[in-house]
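Chains here go by letter, A, B, C and D, matching the order in which they are written, and residues are numbered from 1 within each.
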Amino acid sequence: MALSVEKTASGREYKVKDLSQADFGRLELELAEVEMPGLMACRAEFGPSQPFKGARISGSLHMTIQTAVLIETLTALGAEVRWCSCNIFSTQDHAAAAIARDSAAVFAWKGETLEEYWWCTERCLDWGAGGGPDLIVGVSEETTTGVKRLYQMQESGTLLFPAINVNDSVTKSKFDNLYGCRHSLPDGLMRATDVMIAGKVAVVCGYGDVGKGCAAALKQAGARVIVTEIDPICALQALMEGIQILTLEDVVSDADIFVTTTGNKDIIMVDHMRKMKNNAIVCNIGHFDNEIDMNGLETYPGVKRITIKPQTDRWVFPETNTGIIVLAEGRLMNLGCATGHPSFVMSCSFTNQVIAQLELWKEKATGKYEKKVYVLPKHLDEKVAALHLGKLGARLTKLTKAQSEYISIPVDGPYKPAAYRY
Amino acid sequence: MALSVEKTASGREYKVKDLSQADFGRLELELAEVEMPGLMACRAEFGPSQPFKGARISGSLHMTIQTAVLIETLTALGAEVRWCSCNIFSTQDHAAAAIARDSAAVFAWKGETLEEYWWCTERCLDWGAGGGPDLIVGVSEETTTGVKRLYQMQESGTLLFPAINVNDSVTKSKFDNLYGCRHSLPDGLMRATDVMIAGKVAVVCGYGDVGKGCAAALKQAGARVIVTEIDPICALQALMEGIQILTLEDVVSDADIFVTTTGNKDIIMVDHMRKMKNNAIVCNIGHFDNEIDMNGLETYPGVKRITIKPQTDRWVFPETNTGIIVLAEGRLMNLGCATGHPSFVMSCSFTNQVIAQLELWKEKATGKYEKKVYVLPKHLDEKVAALHLGKLGARLTKLTKAQSEYISIPVDGPYKPAAYRY
Amino acid sequence: MALSVEKTASGREYKVKDLSQADFGRLELELAEVEMPGLMACRAEFGPSQPFKGARISGSLHMTIQTAVLIETLTALGAEVRWCSCNIFSTQDHAAAAIARDSAAVFAWKGETLEEYWWCTERCLDWGAGGGPDLIVGVSEETTTGVKRLYQMQESGTLLFPAINVNDSVTKSKFDNLYGCRHSLPDGLMRATDVMIAGKVAVVCGYGDVGKGCAAALKQAGARVIVTEIDPICALQALMEGIQILTLEDVVSDADIFVTTTGNKDIIMVDHMRKMKNNAIVCNIGHFDNEIDMNGLETYPGVKRITIKPQTDRWVFPETNTGIIVLAEGRLMNLGCATGHPSFVMSCSFTNQVIAQLELWKEKATGKYEKKVYVLPKHLDEKVAALHLGKLGARLTKLTKAQSEYISIPVDGPYKPAAYRY
Amino acid sequence: MALSVEKTASGREYKVKDLSQADFGRLELELAEVEMPGLMACRAEFGPSQPFKGARISGSLHMTIQTAVLIETLTALGAEVRWCSCNIFSTQDHAAAAIARDSAAVFAWKGETLEEYWWCTERCLDWGAGGGPDLIVGVSEETTTGVKRLYQMQESGTLLFPAINVNDSVTKSKFDNLYGCRHSLPDGLMRATDVMIAGKVAVVCGYGDVGKGCAAALKQAGARVIVTEIDPICALQALMEGIQILTLEDVVSDADIFVTTTGNKDIIMVDHMRKMKNNAIVCNIGHFDNEIDMNGLETYPGVKRITIKPQTDRWVFPETNTGIIVLAEGRLMNLGCATGHPSFVMSCSFTNQVIAQLELWKEKATGKYEKKVYVLPKHLDEKVAALHLGKLGARLTKLTKAQSEYISIPVDGPYKPAAYRY
């Protein structure tokens, strides 16, 4: 695409694939709102007081329908927003169009080049002569990988602002990472390959929250799942669920589907891929494309790439003339090949985001937060959950006063100690 | 589309959406071949002797990638083939294009009007001056609904030719209907609506093989499933799986997702739909659109239809201004909203088809088959299964001679009496 | 025990372990009645007319609490009953005591010798000078193995009376065999060995209805299940559930638990057992002790048997000094080590029995039944199911007249053709 | 029992039900050792150096077979041990007999009165003139309830010694509480009532680790599970698994099985019990009998208690003449009605215990530990897990040096931050 900023009639900047998809995006946005009760509750609770009045928020996060509901929650609370996607494949173009037309400055499209990606990111941060953003969505960070980087910066003294670790809210990591992936992994596999999962041997590398969700989905769909792990505790958890723990080398020639969920690099190397069965599917549900050795694959002498359709490539090795199917070029396959996590679970994650942004903004001048990484207090985490119960018809039990005293827990919570694992 | 027959360079007739999608179709066909070991084994076993030499086969069956592999198996065995789709929404245009270009006369595209549908069907049966087809795929019938009609014709004496009931092969009804739907129901739901299934209340109308597959899929994805049934035996099966049995009236206002699987009519009426929650999803995985009262919905005074995207409509009732989401206009949602059953399970069904067609053709002049409905003998059913085990790495046990005598079962099968239920 | 018949105060013959357990048996009988709605419905429907008035019924069937409710249903309908157990380990002594004291002539105790077993069987058939029984429970036969024998007798012309194959009622084979075993297999394993099933590798030999129930139970408890099969269709079913199909030889040294469900002989031989891991558990949920090579084990040179507790033996091989745990001496472990199938599912099976016995008795002089094997008609099978729905809170849907006509199925059933597989 | 201490030939004190059961206990102990690789690894690693030489250890913990292996691990490491049970119903008498005869001073039997219970506890703490114990097993506390008390004592300054919170080791709370209960809840239900779980409605009060295990077990056995919760996060977790969240009042008249897992009091009151269905089963898998209102039940005017068998009582209300089944008098049903958690998962818990005791003993004079509650460091938690992988055939993956640096995690762990939730 030509890298030039466009403007709406009202003068707001944007760059998206096709603004005419805005109506379609709006329709899906309206469906998503019904599925995102936490965000809608934020609009109802905080909208009237406009707490973000005057705040400039820049966000770099997959520009999907769900993110669009987040953005419009921020604007409904008074913020001015600029946005880009944090991944070259994760934008849904109709979502971007709807936001660009109606709500915020968006610079994102599906299938950016790296050059385009960085141009979009710059646009997102560039608030013109008046300086940069007041808040950065992503400093209320919500990925395991991103949080790790923030803590490293904190330790090395290079963290330049207070940050809230939203990833470690229970209502984020134990829901989005687990149940989100349980939903979106098979979705991505089906849309990309139409392959029957039942009867297949599937290898999941890593058994953290994401790996647990992926393994559960594959098992339930009728695959025989094998997990690779470095951590003996997670390994023992998998075993208790009837899942075999082996090394990748043990199974590389026998499995039909490989999924990486580790957040580490060099998990599936080209040397593994060479030994796989014909048409074995290789994909990564984590963020970075070095989890699968894409570089090794692309530079393998004589290898041939056949694009079945966007984000679904067959790579054929010259020695055997057999091939493997790589999804989304080794990047996060659930957003590259499908539409990512569904609205309901993202509502949990994004409600944490809104609450974190509100807190950072409210306390921006009070010194309450130093240049450190914080987690949200338990009672807010519980509140996020509570906002999502009504939609599912749940009826909570109330502690009596006597019970509350007996177990020394306040009637209105928080109900668990900080270290509780859920 | 203009209803005029087109011709390939070699003079073969066709009418498809876009012949230029043939390359894309061919790539997916090649992937599917690896997943369809039964059909490929037929090519290897029967191809050399060309048993269909001289046979004209007309087929009316969803024109998908999997059907394309079936068609090319028939042509690989010597047949000349003409094809149409049996449903207005079920064609995959790239599959049709590849077949039209390379293998057979195809008349099919996604989104036919009824007029177009019948024009295509006529073209499929029209072999020119030389008369009609020798064989009809579909007379080796493979749906529960279709088989019922054949038996009715047999009883009333209106069946004009011998027919083989492929649907009641175990390797068809207990695999395609059950495991196929377990795969394709959530696939259709996800592609059409991106809705999170976990946490939702889902109602499955009917607990036959298709209903069992749908209920299993929804349960595994984290929904709370409720089944409606008329048959006390099927109802008791659902209960043993922890699934509640209620009537539609009991739950119509509480559920989030409704799926019909009955093969009957008038299951979900417009009066039910009016009482549903906002954005409840209503869909049918069976063949005909009278399972859901589409007519009642379309003619409801003041109702408003908002097409989110093709095959995903929101219908808004005037009294409440709330709406429901109807998939694929009430027709089979797995083919309308997704790509239908995956290749591997269709390979089981279609290998039955090929074997049935071979048998009908071989015996066409011998009088072995009267104008009745037949099922394939058990040993062929077992053979179909056996052809699919290697792909999944299975190793069967062999009976010893002593064991064979002890239980009076031949070492090479058939292993079960005809009435065995699996 | 001294093999002498005893008599109650009222003069009825019996021989049980300990008549003083009758009160305990009665209490458990009363609990079971609440769980057996089918049998209780038979008492309510048929009791008043005393259809078995004058009928002498001999029964040979595991003398459990559930069978006791069956016996008292027969007597409530007017029959005179004599009973023995069909297995040396399957009697529950308190059940036998209650029946002996209150209702019928019982000859059965847990742990009979073979000599005692046959003495009991003779007593059961010996109605004194007046001749033999009018009806034999078991001629309405309810095991896969037993039914096979009846058909063999029919074919060879050696069947001396009409018999009803109750086993192939859907409400028997698809419930008792499947869900009964799903319940009682882990129950037997736990009571006998207290072993943790989660994390273990379990081999199930055979994937018929019993094998399906066993495999499901083990999988759900967290074991990794491997199935051995001779039948490619059943094998493919297992694969679709994510279960690996291998031969016993492939896994004999790796697995922790072995269960036979085949009804065949020579499944696990002593040569297999020698190669197993230390303390591997070996058991049979089928009827006969030749499914596991008990003879080969007992006569293995130098083998040592250590009885942990009744029906739980550790057999130590001299070469390795490692041992295996054999349950119930290779006989049906769910009745030998636990209490067999629970009341609710047995109510389905036994209601079929009562209906079959009623039919045989009613038609004894009409010639309706020849010396052949019959199955119950579909509408009675559906009736059995219907009698069990209320207890579980189910609400069936009723066909409308229009629907009934559309699918050509009577409003009140039968709802399925005879060959339907459920 | 007469409350007098007895002595073995070697002069060691004890009081058990029946010393002649020692052989039986020893056989089961030997089976358990094979299932407890963590404890056996401790014997191998630490036994030679006799680290507990001179240590007097008193333990109050369910005197089961598994605990017996723990006790003999402590003695194998050099300790002198005295033991009692922490619950009146939880002793396995053959385990107590084997330990009493062979290894340690035991004062415990199944079915103690409260008076007997306290006598046993005193004997356990009474080391004669030389004073009390050096270590108390239970100060390396391993229940959620107990740990809460320790923290309360720490806060109020009444904690008299350093304590280690073993409960919050991941290899305890996420294994014993979760997978242990998943195993032992159905075991207890089956042994106590033989009830069919499939098809029933089961209410689980509380969805912590224990509740999660119970709900999973009931669901897998085919029950329809409903959970009651006070905590919105745990409630949302249940919903994501397809489990309905209601209050006890909503379902009290409809459910068949009730299980309390809360650790709180007054969960199921007599007023609830009065409204339950006939023969509803009421049980508690938590420690204290005030979770179910046993006092209210026992003092209910006109209520009648019918003991079916020990630990299984039917309570009949006078108004309705219907009854409920209460297990283990409202105390922990898995130990009262069955044999508690299986050896393998207890090996995880008890290996934590041994490591904690070793640490407390080693550091007793160094001042490393103040009068506070500590948790074991992550690397020991991971070690416990690692000791249990070999038994299950698992093969761990090793981080490369490059990977270790990339994610800043040592090659040999610990692999997770302290707050990680697993």
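Operating definition for what follows: a residue touches a chain if its C-beta (ideal position, glycine included) is under 8 Å from a C-beta of that chain, and two chains touch if they have at least 3 such contacts.
In this text the structure is predicted, and so the values were computed from the model without any measurement.
Novice: Quick check: more C-beta contact pairs in A-B or A-D?
Specialist: Per the contact counts, A-D leads.
Novice: Over half of the contact pairs shared by residue number: find the pair among B-C, C-D or B-D that meets that against A-C.
Specialist: Comparing each option in B-C, C-D or B-D with A-C, the repeat is B-D.
Novice: Distance between chain B and chain D based on Cα centroids, please, to the nearest Å.
Specialist: The computed centroid separation for chain B versus chain D comes out at 52 Å.
Novice: With chain centres taken as the means of their Cα atoms, state the distance from chain A to chain B in Å.
Specialist: A distance of 35 Å separates the two centres.
Novice: Between chain A and chain D, tell me the centre distance in angstrom, where each centre is the average of that chain's C-alpha atoms.
Specialist: 38
Novice: Listing for chain C: what residues touch at least two other chains?
Specialist: 179, 198-199, 222, 236, 239-240, 244, 392-393
Novice: Using the touch definition up top, name the residues of chain B that touch chain D in the complex.
Specialist: Those residues of chain B that touch chain D are 198-199, 219, 222-225, 236, 239-244.
Novice: Along chain B, where are the residues that touch chain A in the complex?
Specialist: Where chain B meets chain A, its residues are 24, 27-28, 31-32, 34-35, 65, 179, 182-183, 186-187, 190-191, 193-201, 220-222, 254, 278-279, 306, 308-309, 314, 325, 338-339, 342-345, 392-393.
Novice: Help me check something: in the complex, which residues belonging to chain A touch chain D?
Specialist: 148, 152, 168, 170-171, 173-175, 179, 209, 228-237, 239-240, 244-248, 250, 263-266, 348, 381-383, 385-386, 388-389, 392-400, 402-403, 406-408, 413, 415-416, 418-419, 421-422
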